[in-house]
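Next come two complexes, and both contain subunit A; in the first it sits with subunit B, in the second with subunit C.
Moving on to the complex of A and B:
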């Protein structure tokens, strides 16, 4: 039986800004695909990745409506990762830094994203094979 | 002794930070650690054979494993056949594998 690993990722970048977010999500997917349990601690701008009120928009420059534009939203990517975790028998624990959430007024997170504190980040790191911090550039 | 996986996403022609990462990799290797360098996003821009660079060449002259994210290579039109000798195209799973094995993973 394969060893059950737990990996922790610490995210800092706000949505719609950096290619690092895309790479981070690829890493999460790869870990979940292997059935690993994954912890995510989001702080600073990254707490908005799971903000439930994110909304798609049309693209007037290219003459596309909302459906045609189908602008990707990070909250949907996170929900998809959570669904993928369930199919792989893995656990994806997503914790947002409460202080950072309050600063930005993004308290309404999607289902499954929890509010926490830097102490949760420490606990996650303690319980993981290793932790990767992905800071802003 | 735990290995070190260094992840570099910055364009080496734009940022001196990429050179510092190469220096760190070489120093860790000299200290006896297992070291791998994973290039991703614009970090892969220096791996084309014929690209002018110095720091990455120093890394390639050591036993440090240099991996280039296959997704990032495809995005930038860099074919695996055009990679410098010593650089291997690799999936992002390479990072996850080493993390699960307990390697220290560092991404500045």
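Moving on to the complex of A and C:
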């Protein structure tokens, strides 16, 4: 029987700032797609990825209204990946650094995103096959 | 499990955070019994310049009362038995070898890094 692996990712970038965020989410998707359990520790600006009050907007440059623009929101990406995990028999655990949340005022996270601390990051890393840090530059 | 933390980018929001966020999380994880080591490379070697002073920021009537002090934070980390290494060539390139360096820092050459990494289960490059 194959061993079930768990991967931990540590993310730092705030949403809408860097191509690394999209890459990170694609890596999460790929891992879940293969049935890996995935932990994410969102640190610093990355805690805003799961902020529930993110909102789509129209884009006058594109000449599109809100619905037409259908602007990506990272909170929706997380929810989508959590749903995807369930279809793959995998688990996506999302933990936000609580102090980072407080200093940014983004305490209202989507359902499933938990509040935690660096101790949780360490615990998740210990319980994983490996950990990938994707830092801000 | 032992983890080597590599810090390469210096002064990343240190004024807003009043510390380096990777040094900070190392302190926090050490408090959770993590076995860690820190390697400073690139611009982050500037953290071992012992006489740096980040105080004095004023914006209008606002004055920073707790400025960042990365050298002191590193010293505190070493007191918690977290070894801190620094790449000698990166110090030399920046003319910092003549500075008063933080006591307890271990200087090493780039060609010694593979052996150092081999002493750890994981390497986290921030």
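The definition used in the following text is that the second predicted complex is superposed on the first by the 136 of 137 C-alpha atoms of A that agree within 3 Å, B and C clash if a C-alpha of one lies under 4 Å from a C-alpha of the other, contacts with A are read in each partner's own complex, and residues count from 1 in each chain.
The definition used in the following text is that a contact is a pair of C-beta atoms (placed from the backbone, for glycine too) under 8 Å apart; a residue touches a chain by one contact, two chains touch by 3 or more.
Quick caveat: nothing in here was measured; it's all calculated off a predicted structure.
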Clash-or-fit label for the pair subunit B, subunit C on subunit A: fit
First (subunit B), second (subunit C), both or neither touched by A:52: neither
Subunit B versus subunit C as contact partner of A:125, first or second or both or neither: second
Partner chain(s) touched by A:133 [first = subunit B, second = subunit C, both, neither]: both
Apex subunit A: angle to the C-alpha centres of subunit B and subunit C, given in degrees as a multiple of 10: 60
Touched partner set for A:5, first subunit B, second subunit C, both or neither: first
Which superposed partner A:23 touches (first subunit B, second subunit C, both, neither): first
Touched partner set for A:80, first subunit B, second subunit C, both or neither: neither
Touching partner for A:66 - first (subunit B), second (subunit C), both, neither: neither
Subunit B and subunit C, minimum CA distance [Å, superposed model]: 5
Residues of subunit A that lie at the interface with subunit B and also at the interface with subunit C: 130-131, 133, 135, 137
Touch list for subunit B against partner subunit A, complex: 7, 9-10, 40-42, 69, 71, 91-93, 95-96, 99-105, 107-108
Interface residues, subunit A side, partner subunit C - complex: 10, 12, 43-44, 117-119, 121-123, 125-126, 130-131, 133, 135-137
Complex contacts: residues of subunit C adjacent to subunit A: 1, 3, 9, 12-13, 21-22, 25, 28-29, 31-34, 122, 124-126
Complex interface listing, subunit A residues touching subunit B: 3, 5, 7, 19-20, 23, 26-27, 30-31, 34, 36, 129-135, 137
